[in-house]
Amino acid sequence: MNTFGRIFRVTTWGESHGEAVGCVVDGCPSGLWLTVDDIQKELDRRRPGQSHLATSRVEDDAVEILSGVFEDKTLGTPISMLIRNKDVDSSKYLAIRDTPRPGHGDLTWRLKFGHVDWRGGGRGSARETAARVAAGAIGKKLLREHKIDIFGFTTQIGNVKISESPDFEIKGIHEIIESNPVRTIDVTKARDMEEAVVDARRRGDSVGGVVECVALNVPAGLGEPIFNKLDAGIASAMMSIPGVKGVEIGKGFELAKMLGSEANDEFVIQNKKIKTRTNNSGGILGGISTGMPIVVRVAVKPTSSILKRQKTVNLETMKETTIKVEGRHDPCIVPRVIPVVEAMMALVLADQGRISGMIPEKLK
Amino acid sequence: MNTFGRIFRVTTWGESHGEAVGCVVDGCPSGLWLTVDDIQKELDRRRPGQSHLATSRVEDDAVEILSGVFEDKTLGTPISMLIRNKDVDSSKYLAIRDTPRPGHGDLTWRLKFGHVDWRGGGRGSARETAARVAAGAIGKKLLREHKIDIFGFTTQIGNVKISESPDFEIKGIHEIIESNPVRTIDVTKARDMEEAVVDARRRGDSVGGVVECVALNVPAGLGEPIFNKLDAGIASAMMSIPGVKGVEIGKGFELAKMLGSEANDEFVIQNKKIKTRTNNSGGILGGISTGMPIVVRVAVKPTSSILKRQKTVNLETMKETTIKVEGRHDPCIVPRVIPVVEAMMALVLADQGRISGMIPEKLK
Amino acid sequence: MNTFGRIFRVTTWGESHGEAVGCVVDGCPSGLWLTVDDIQKELDRRRPGQSHLATSRVEDDAVEILSGVFEDKTLGTPISMLIRNKDVDSSKYLAIRDTPRPGHGDLTWRLKFGHVDWRGGGRGSARETAARVAAGAIGKKLLREHKIDIFGFTTQIGNVKISESPDFEIKGIHEIIESNPVRTIDVTKARDMEEAVVDARRRGDSVGGVVECVALNVPAGLGEPIFNKLDAGIASAMMSIPGVKGVEIGKGFELAKMLGSEANDEFVIQNKKIKTRTNNSGGILGGISTGMPIVVRVAVKPTSSILKRQKTVNLETMKETTIKVEGRHDPCIVPRVIPVVEAMMALVLADQGRISGMIPEKLK
Amino acid sequence: MNTFGRIFRVTTWGESHGEAVGCVVDGCPSGLWLTVDDIQKELDRRRPGQSHLATSRVEDDAVEILSGVFEDKTLGTPISMLIRNKDVDSSKYLAIRDTPRPGHGDLTWRLKFGHVDWRGGGRGSARETAARVAAGAIGKKLLREHKIDIFGFTTQIGNVKISESPDFEIKGIHEIIESNPVRTIDVTKARDMEEAVVDARRRGDSVGGVVECVALNVPAGLGEPIFNKLDAGIASAMMSIPGVKGVEIGKGFELAKMLGSEANDEFVIQNKKIKTRTNNSGGILGGISTGMPIVVRVAVKPTSSILKRQKTVNLETMKETTIKVEGRHDPCIVPRVIPVVEAMMALVLADQGRISGMIPEKLK
């Protein structure tokens, strides 16, 4: 099932070492100004080889828009986008095609589908997230019409955590995040996080982390109880990202040890509007946005591909063996997963915006 | 959006103080033995008033099956079920209908829908979960045909946590869990957890916790990458439950600080089958079940209704005021949310089972 | 698959001789005035026993609203409705449960589902359409807020046809249609049509017909190319009605023999608005409403249940045999199918209205 | 809404004079042998310029497969296909972009979307059906694994009709149909049909017709009552094709004048299997396939683009004017719509096959 959304719908396709990856965005309103640059700048943030922490695979990830846009404005028809795979080196994968890599979906995809594209992880590769980022870029553009601003940042890599939740309303927050290669918001921790990544790589290992994603200026009223609640949609979106194993909204797991009197966000009046004094709920109550910032955190596991020798099984001989996963991999995917997390947030909000009527089918 | 699932689909309906709550289960195969008792025994586990820790609202929650079953076997047609609301006392709610209760969806529902049923939280009340449990009971019955066993238990209430992950394969695990009012699997912690609940209530407060849910004997191959991955479906299902603010699969957030060499589950051969030595992935790789136990944990916030006075706003006067939420509430919903968590797990697995063909449209 | 629609969604359930039939309407906006009477008056038009042409099964078809409405206004939550089956006489069906009735779905349902409710056709009975009419009544009420008026009428029974398309804008068109038991718009043909029905019954036979359904004041712009075009949605809706075997929009099959210069509806200005001079397209161009009346015709086959002896097969012995279908049946379902056709039209338009934003999620 | 299907799902995209048209096929099982040739041969049957009756636009319609296939076998992942638009001549359309062509969707698309691609009809052009044919080719290949054979043919053009329903079981039926440029099954009528087309063109006019589509060897049991009945799905699929204004199953509208005793298909035993003596129901009873041939007929309107001068309205000045639609058009689309009708039939059956389990998610 490669389609996401009810009205603003995205269908993605493509294998890591196939011809291309791409997506079709359906249900985008007509009349939105949109150029390749809007898409490309987001893809560039996800692109491999962007920093010394990322894989050395060289992909310029140049996107083509094949339909749905005319004279730089969307038509309300499906927007088809395509990104060619260029720097494909499948040689490393041939040797290991019968020995599933621990932590990867190699085994489960093979059990489910039988015939698989073993080159570079095929469809199971995180390369598919380029298509999500392309689609998300349209979602973001659409949401900016409503002043909705989405950004993600690293709050933890390995044992290095930022101390507390930052002030989201400060100016230049996007620039601060992009100013360091780990994309953390607390620049005092950037160096330590970077070191955690470098250290893992040095040891032929990898390391995990946590990404926080925030959406500002989301109006109250988005979300469709009871099964398409805003938080349910976000949880599904985030958990579908390769490597993500946990999602929490607002205080999340910390709420487990809190009392109701601590956890509840009291209502107050600010500038003649109803706000909550705190935002432990992460901007969502009863599955519907409150008007406060939407705050989500996702747990990202350490990259599964590591140089250390691991136990596995040869699927042809059904005997135990070992594997050393060579190839070009990020020792920590946290910095590069951020644009993907943002994209998924944008897809959820754009869809909820369309469903609720906040975003009409035709822009003026 | 009150329907869940793609092939095995559940639509729920009903307000807390309306006539009834209920659901329609569509896509259940024909030929499944099913009686009211199969449903009722699950509802009894969720029922209010079952222990001294739960609300004193008295509902026998007797379910009626109105369609889809003939001669105690399912027909493959929609199964409609209905549970009357009986012990309805709306008096406490009239006074507070214009003052949204902190932590509840009162405000957001009102902003979204305008006209709301203010009695007992209306559709936003956790009473709707009775319908989920009824539907989930059918899912469980169906899954038991494939020896799939689902159970949930408390791992944390307030500051009391169980020490480590238990052995799921022990006999009588359902009985152990049901043997204590907090439904924990580590009975040595049951008393402390109970005390945490009682203590919160004594102070007119409430307390949160964590529930773990496990599904045993799920075959490899369930899950639909990339947007209906098994973990994405579970995350959505769990996050749609009232009070749940976090979901993690396997080691979840703990993976953030782990190295790849620690996190990866190595493949080994056991009894001529491929297993993983550890199960940090919680039985899901690449969005598809591995054949190992599915392990999910959800963060449950403290009950929003507390006796302590809290700040709020009067929506008619748009002035700040305070509120004391009377009525009958669980000081901790963790024990009663467990059957709901299990039900949602069953709905996800039954649906994925239908989609994958594991569960046919007609049982023999 | 017992759910219809994308945003305004209806799920129906129930077997002919089970406890009840009913439906859940999800995605109806909040704030719509709605009482049982709004539903009941439509059900009364579909009810058995309403004229000497209809089955003698006596059902008052009294509907209960169980959720989604509070203080006579919709809540935006699912509206659950229930109609008890009362005059159930299954005795006639026991004898023929292994000999499928020609023209009915008995055989195909049995092959598909194995275990079936053989009483009165079970879920395959046209009794399920009561639930559609109940749901459609809500759709109609919603559409009337936008002045959209839906009505159906008989254009043919057996060999008796009305001569040409009537003027839909005349006053009292609903009353004219309801003034004769066959519900034709051309009252000069009513007696002949009635006679065709009576004649068929006299011979232990049944007869088919054609129903036309019109929606006035549908604004231009409804429909979602290319797979949820307005006409595609209508076609699906109509063809799902028991006994319907053909659907045409506007001139339909007559267009096959026309030239383009005859078929094309030229655009003209009337009252400063763009209209078409003719309406051969039935109000739909490119899958989107034009603003002209939506005109649909459906072919209704003769009632399958007839007293004449027919060949069939005994499914237990797999030998040929014969059957005489006793029980209480309409010799012609055309008059009673009209409210069902209208209901399906209303469901399509209400859903398209919600999708397009014409109908918001909250009425003022 | 540009996606069709529930499990076997097709999303199409592309404007007539844009870069390309294409589609993504999701839910196709893994392990199906598939090459570009399988797709291309179907596209060649729909291609413009294939006979003297068709438009002179020259498109080789060469398809590229971008994903989902590896080593000539499907992967179970989305299959992305692309067909470049080459012989694009938009010059004729600039002059008429503000004067909607009668019979076309120009006006309704403009009212709905505001910003439109006026070149060659944009997304409203029948060019989008190339993508349907590409997707349908995969559906056909999949169905052939189950010996299901689909073919369409012309039964009427203008006033020329074939006399009666042919024998579908004769050998070489595909070759007979392809042997004449109008693709009729009754070759004795081919010349007259051809003449009807040529005559219309000679007069600067166009002509309509009827296409019948048959699927042989469809097993009993496909179809999902009550809203995704097999006939409802087919009706929706067919009515979504540009130019189609009517759909009938089996005897269709002829049933209106028949008696039940004539219309009902009696059950008999043939070769130890249950068959129906006649097939007035077109192979579908109760919304489920009977095992007899599926028989569908669609009414195709005359091509809307004609050289004759017609009335229209200038949307900028809102004044009446006239239009003469130049450009390259088929005077009768019936022959070229046949591969599209077949493709839609294949998509419906492939989806129902997947839903019912007839087609598994993994081929052996």
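Chains here go by letter, A, B, C and D, matching the order in which they are written, and residues are numbered from 1 within each.
To be clear about the criterion, a residue touches a chain if its C-beta (ideal position, glycine included) is under 8 Å from a C-beta of that chain, and two chains touch if they have at least 3 such contacts.
Source: prediction; values computed, not measured.
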item	value
Far-end chain from chain C, centres as C-alpha averages	A
Chain pair with more C-beta contacts, A-D versus A-C	A-D
Cα-centroid distance, chain A relative to chain C, in whole angstrom	46
Distance between chain centroids, defined by C-alpha means - chain A, chain B (Å)	27
Chain A and chain D, separation of their C-alpha mean positions in angstrom	39
Sites on chain D at which at least two other chains make contact	1-3, 6, 12, 77, 112, 123, 225, 356, 361
List of chain A residues in touch with chain B within their complex	1-4, 6, 12, 100, 102-109, 111-112, 123-124, 128, 156-159, 200, 203, 205-210, 220-221, 223-229, 231-240, 242, 245-269, 272, 274, 276-277, 281-282, 284-290, 299-306, 308, 310-313, 315, 318-320, 356
List of chain B residues in touch with chain C within their complex	1-3, 9, 11-15, 18-22, 24, 26-27, 30-31, 64-68, 70-71, 73-80, 82, 112-117, 122-123, 361-363
Touch list for chain B against partner chain D, complex	6-7, 77, 225, 355-357, 360-361
